[in-house]
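Below: one structure, written as structure tokens.
All chains are identified by letter, namely A, B, C, D and E, in their written order; residue positions are counted from 1 within each chain.
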Amino acid sequence: MTTRRRHERITAEFNMPGTLVDVSRPGSNVALPVIHVISYGPDGFIEKDVNELSELIVLFANWPVTWVNVDPMEQGPDARLIIENFAKVFSLHELVVDDIVNVHQRSKVEEYEEHLFVVTRMLIDRDEVETEQLSLFLGKNFVLTFREVPKDCLDSVREKIRKGRGRIRQEKSDYLMYAIIDAVVDSYFPLLTSLADRIDIIEDSVLESYDEDTPSDMYQIRRDVLSLRRSIWPAREALNSLIRDTMPLINDSTRLYLRDCHDHAVRIIDLLEMYREVCSALMEVHYTRASNRLNEVMKVLTIITVLFIPPTLVAGIYGMNFNSKTSPLNMPELDWYFGYPAALILMIVVTLAVVAFLYFKGWLRTHNPSKKSRP
Amino acid sequence: MTTRRRHERITAEFNMPGTLVDVSRPGSNVALPVIHVISYGPDGFIEKDVNELSELIVLFANWPVTWVNVDPMEQGPDARLIIENFAKVFSLHELVVDDIVNVHQRSKVEEYEEHLFVVTRMLIDRDEVETEQLSLFLGKNFVLTFREVPKDCLDSVREKIRKGRGRIRQEKSDYLMYAIIDAVVDSYFPLLTSLADRIDIIEDSVLESYDEDTPSDMYQIRRDVLSLRRSIWPAREALNSLIRDTMPLINDSTRLYLRDCHDHAVRIIDLLEMYREVCSALMEVHYTRASNRLNEVMKVLTIITVLFIPPTLVAGIYGMNFNSKTSPLNMPELDWYFGYPAALILMIVVTLAVVAFLYFKGWLRTHNPSKKSRP
Amino acid sequence: MTTRRRHERITAEFNMPGTLVDVSRPGSNVALPVIHVISYGPDGFIEKDVNELSELIVLFANWPVTWVNVDPMEQGPDARLIIENFAKVFSLHELVVDDIVNVHQRSKVEEYEEHLFVVTRMLIDRDEVETEQLSLFLGKNFVLTFREVPKDCLDSVREKIRKGRGRIRQEKSDYLMYAIIDAVVDSYFPLLTSLADRIDIIEDSVLESYDEDTPSDMYQIRRDVLSLRRSIWPAREALNSLIRDTMPLINDSTRLYLRDCHDHAVRIIDLLEMYREVCSALMEVHYTRASNRLNEVMKVLTIITVLFIPPTLVAGIYGMNFNSKTSPLNMPELDWYFGYPAALILMIVVTLAVVAFLYFKGWLRTHNPSKKSRP
Amino acid sequence: MTTRRRHERITAEFNMPGTLVDVSRPGSNVALPVIHVISYGPDGFIEKDVNELSELIVLFANWPVTWVNVDPMEQGPDARLIIENFAKVFSLHELVVDDIVNVHQRSKVEEYEEHLFVVTRMLIDRDEVETEQLSLFLGKNFVLTFREVPKDCLDSVREKIRKGRGRIRQEKSDYLMYAIIDAVVDSYFPLLTSLADRIDIIEDSVLESYDEDTPSDMYQIRRDVLSLRRSIWPAREALNSLIRDTMPLINDSTRLYLRDCHDHAVRIIDLLEMYREVCSALMEVHYTRASNRLNEVMKVLTIITVLFIPPTLVAGIYGMNFNSKTSPLNMPELDWYFGYPAALILMIVVTLAVVAFLYFKGWLRTHNPSKKSRP
Amino acid sequence: MTTRRRHERITAEFNMPGTLVDVSRPGSNVALPVIHVISYGPDGFIEKDVNELSELIVLFANWPVTWVNVDPMEQGPDARLIIENFAKVFSLHELVVDDIVNVHQRSKVEEYEEHLFVVTRMLIDRDEVETEQLSLFLGKNFVLTFREVPKDCLDSVREKIRKGRGRIRQEKSDYLMYAIIDAVVDSYFPLLTSLADRIDIIEDSVLESYDEDTPSDMYQIRRDVLSLRRSIWPAREALNSLIRDTMPLINDSTRLYLRDCHDHAVRIIDLLEMYREVCSALMEVHYTRASNRLNEVMKVLTIITVLFIPPTLVAGIYGMNFNSKTSPLNMPELDWYFGYPAALILMIVVTLAVVAFLYFKGWLRTHNPSKKSRP
């Protein structure tokens, strides 16, 4: 897992506005991509792939709400031309074309004369923090979506339309927009659960053991939290403006649903904030554990040194080769009757003396001084 | 305690919106749960468990205020159906059903046409930071509460109604709502006291002794503070909107009481902020104490090394076996009259020389240089 | 000092709303506490202790401004009853009674129909960060104060009234309220001076020497700063609302004075913020000094090791007892003419070789590498 | 690269307002600098260098939009005089002259009676964080730009005019202003990519290896992020005021484009914030890795000490020269039959005893205690 | 420099409101201090010291603008009386007298009925962060300034009046106020340059070498930055209110100039914020360098230990005195033909074995593990 993640670079989250496409090529004879359309009303629905715009016009005329989904990015360099064609048909603004092509937009809501343009970022894979852009247009009787990749998290919405579950078939296009945005916001929850699991594992590891990989794992989580927050924060703002603003395309009843969706976004942000703070608190615990380990190791070193170095000196002294024959002062101890036992006792005495000296100097009492000073 | 807490996982604080219940089951023949009702007026009160909605209608007609409490979660998978039945009877909004079933909502206030919907999170056990959701509807002459678990912190409110204490029996349903919210907010105080006690204990431990478990304990406190803040912060916002907004269901006199309740919430937040800062300040003190301990241990090591390693070298030298007979240069000291005492003195001199060298190089003065340099 | 402070617990700053008093006792035959009253006007003043409310009515009728001070807390459990009696006489709101009894309120301003209720927190002792609550009512021709303890910081105000100094005797009750609030805000300055002194002492200690108690002292200061900020921050908000709001009881001219008072509160907050940042900057300096100390100690250890361990090995080698008679390869050095001097020289050479090796490997140049590499 | 960067000093980012130019010199006979002009309309464009203001007047009269670019800074001390001449011709405000000469202004928008004054900071070189000031005037039919250096990032705008690409030739001067500001904002993206690359490299280095230069590299990135943020933040504010304010010179359609430009600025800020947080998270990982390294080294030291110091003492003891002939107590072991093997075994036993002692004391189990304690 | 700075205490930045002066002394027969006056108009100016207020009245009557400067603080305890005299003459508010006497006010703007009161804090010495208060009154045709010390940074303004440079002599008193405030704000820039220089020096020191005094120097800079920010932040607010508020004394044209001045203040704050963040980033680099140094030192220690302790044990073993005559098991090696060379080889082998053991255990690969693991 660590290896795979390493290759999602920071650079990968980045691209410059206006640099993706070579705009110099003429925009005429580009084939329309396969367009997936669902039209529905209270009484039924029709779902098909269309190739010509004329088909769309028929659907628009016959059904209360039509959801048109396009995957322009699959066409690669032609993506822009495809979107420009759509822009002409639906009279979308030139700037919007840029926003769809450059798929690293922040979530936002822009109001144009006859439609509403919403950019959202959805999570598809529960193990990946990679978000995909979903651009959405709301018109009077249609919703037009452009996906970054030919996958999305909207199957639940499609199922609701197909099975007529909930109020969706009774409602207008603004409710469809709500349903899509709601599915997008809720697509964050599985990844949040996965993040929570990862934090739980690290929490166990930090509080009970000492694992050197913890900082790297924690770093991955913090980067994921940062990325998610960067995606969801603008979504909250966008939802806020959808609730507040008096946009004619959105009914008051739908606004209630959007308010609920906004609450979900706020909850996600709350959780992310908490994860961030928990991570940094765990990091601090990890630090102190590292420092405790060092203290332990040093204590071991010190104890060995205190126990073995002083008697080693004594042994060294009585290993000296001074000639006791040339002088009565030269190591007469070596000839004493109790010389050897005395030397051994001297070693023990020296060691104890050093321990006592350090103890009374207070250097050995460092570990928990209060336990002594309390009554 | 530590062991138990470890199993309240981060994941436990989490569930996805809309995933709890299998909505596909038909919602008809589910038995109503036991509903606890208190109806009261200035002159008396009646308290009973009802099983049929018709009983409720009679109570509503005869008493100024009725408090209906339901514990839908006990029914498990049927919870949603029960709430949907209530929603039909009281004409509650569809979204509200979701909010009641998914019991991890943030505190909030939502205004609907004929009632007010309030979500709060209450603390039941003073040793647990686990909050339980209490969903509350305010109507003209009733308050409807849905609990997450069949326990709450509202016994004081019930007692006030039963004994006619305070103004509650004279007031309308909005005052009952205030009394409930007030009891919920005040349910945080015992846990705050318990947190303050735990911080006091850690403060003692940090300032007077050195305890390796401190970081873990502190981490638990910080997580609890984070959890509480995440619960109480939206409550403050919700209370703020209750005070500010001109909701027809709330009288001006009750608004005064809600302002008081809001002040309590602000005080809780203040205290939590202070606890957070105190914890992080304590953590820093703990760090420096750990670093001081390490310094102490290192000083011991250094002193032993300075005292015993240099004479060991001297002893080693005079323990060499050079043959003094083959050359007058080969360790003539061994045959000197004062050889041995001289060697001992040499050891002492070498040790002192090293100490002096280090001292004048300034390496031993590191501990508190200013005491020397001041007049 | 440290010892005494330790017993001001975090728990001490805490009490639950509504738990202090047993409200079940009947509130009739409680003796009025001694009430201290000062009535004054441009021409004179009268100061006395009253026991009956009828006396108060006479004073109110005859003097432009009357300041009534009550110390209900001295009566202990009767405190609430006393305040409830006052509440009836002065028609104060029920909630206000709670706020006066539970003496851990935040500073705040509440507007009621005929009076203004102000809660402030004053500092009495310049060595204590303990704040005492002063609850204040402003009426048309009176100011009513309730103290938590029978001490306050308002003697300067009383002296001004008695000696007719300044404009106070010419002004109405709102100016008296200003004078009291101003004295309360200014009561923070002596403690700020004391904090500044303590920080100065720690600054000296951190920058010039190394004192292990610094973190604890710093922690005390930071907790004091936190406590003070928690007291003065709401006071600033309260003053702000007094300036802004169009309260009929406060004249425009008094509002100018309150603006000045607000400036003082802002200055106190500014200073506290600065103290906080200075403390955390000092803490960091303390950290690095600790780390420098460790580095110094380690350098000493390393130097001793480099100087004495390698020659010890050489001495050890020539202290081996291989039998030179059984083989010409067995330590012939021991019989050489220059054997011993050569061994000593070898020791020096080995030591220098190690030093040189480490030096060229760059491990000894760590201390200040730049001084070598610069021209 | 590090060497070059070191000489971009903090001081370099700084100059005092009003100190650049000696204003005392008379402003009459200074030659006009070469002025580069592009005039254009839907049908064509003309591009030339002019030397006299009269030429400008002709161009203004004949073309819908004229873009006049001046590089006053090349004239050095005469810069101010040149700008003052322009100020007279275009009736620009005196203060604006200061802002153009002192090239360290923040981005801002100022509205004057007949024109709009915009200061922006552009990045020219993708490897440098150095921003250059571009001062811009918007008049009814002209845009006047003053550059700090004779380079800019506006070639794309010039190409669009020359080749008639996009809507620029159809639009008025306010669209030209938008196009210029857009190019300026987009000039930040290449440097952001470069920053992201540098962070990716450091991320690899921190997570996989340990590089001592990491902190310095990270510091350079953080300083660059700080500088960029300081440049782009006011740009965002300026763009915000351009969108909000009802300036008569800016059409509503252009405002849509400026909104898009504002979104780009917000995205840049978002990215910079994320880089900042990623850097500080990486720094923490680097810290813990350093601390882990220290722990590893200490463990090695301890193990060597545990393994070799205790047997060294034993060897030292049996190297003592006590005379076994003078006393049966004096090291009889030396004459035992199994003396030497016993001594070797003793060494091993002592070592194992020490290891066991430390192990049972828990000092050696520090490394990962949980792995033992788990089932 | 460090020594001098140490005595600018935190306490020095502090004084209590209302404690400076003994107000009890009668305020009659205090001599007026020397007052410096400049009166000017488009046609000329007059500059003189006046002693009597009557002189001022003549000047006010004859010149469009008069700038009166007073240095009351020189009179010491009489300062208040002098200012009170002025207050009577110019009908200044009582509170203003306090603000002038207590020279530690925050910058602020207060509007009174007929004049505007502005408090600013100016920097006089470019090496000192000590700010001096300049209190300023703006009336219809005069500006009245009170200085804390008889020095200021306003010579450039005086020169402009004397030499008739710029628009100052054509404008009214509000422009004079602007000119003074502008000079005050610009007085911060030299100190900022000096701070930038100091940071540059520390940056060099941190990035290229290791200097133990860095934390102290950095601390001084951070305290200076904090002090400056505390001075300039309220100035920005004050300037903001001057721009926004519709004060009749300030013309719209002057407001443009004040907006420019406000921009300067914002730029100063921006720079200070950046310095603050650069300092804390540098501090972190300093930390890691300290930790790297420690790692280096420890590596040295470990290497010496690994190289010399194991062979020392071997030497110790063969230095034991077991009697090879009493047993063939007692150190037969000593009599072997290749005993000594074998022992030396054994030493080398043991050392290499230890190195290899540590290497394969991974303990020696800590330094840069990635370089090995990469292809």
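We adopt the following convention: contacts are C-beta pairs under 8 Å (C-beta built on N, C-alpha and C of every residue); 3 or more make two chains touch, one makes a residue touch a chain.
For clarity, every value in this text was computed on a predicted model and none was experimentally measured.
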Ask   = Taking all residue numbers at the subunit B/subunit C interface, are over half used by both copies (same) or under half (different)?
value = different
Inquiry  = Report the inter-centroid distance (CA atoms only) between subunit A and subunit B in whole Å.
reply    = 24
Remark   = Taking each chain's centre as the mean of its CA atoms, subunit B sits from subunit E at a distance in Å of 38
Query = Multi-chain contacts in subunit A: which residues touch at least two other chains?
reply = 287, 291-292, 294, 298-299, 301, 305, 309, 312, 316, 319-321, 331
Key: Chains listed in ring sequence, where subunit B comes first and subunit C follows it   = B, C, E, D, A
Ask   = Mind pulling up the subunit A residues that touch subunit D in the complex?
value = 6, 9-11, 13-14, 16-19, 93-95, 98-99, 104-106, 108, 110, 205, 208-212, 214-216, 218-219, 222-223, 226-227, 230, 283, 286-287, 290-294, 296-301, 303-305, 307-309, 311-312, 315-316, 318-321, 324, 331, 333-341, 343-344, 347
Message = Can you tell me which positions in subunit E touch subunit D when the two form their complex?
response = 167, 186, 189-190, 192-193, 196-197, 199-200, 203-204, 207, 256-257, 259-260, 263-264, 266-267, 270-271, 274-275, 277-278, 281-282, 284-285, 287-289, 291-292, 294-295, 298-299, 301-302, 305-306, 309-310, 312-313, 316-317, 319-323, 326-327, 329-331, 354, 358, 363-364, 366-371, 373
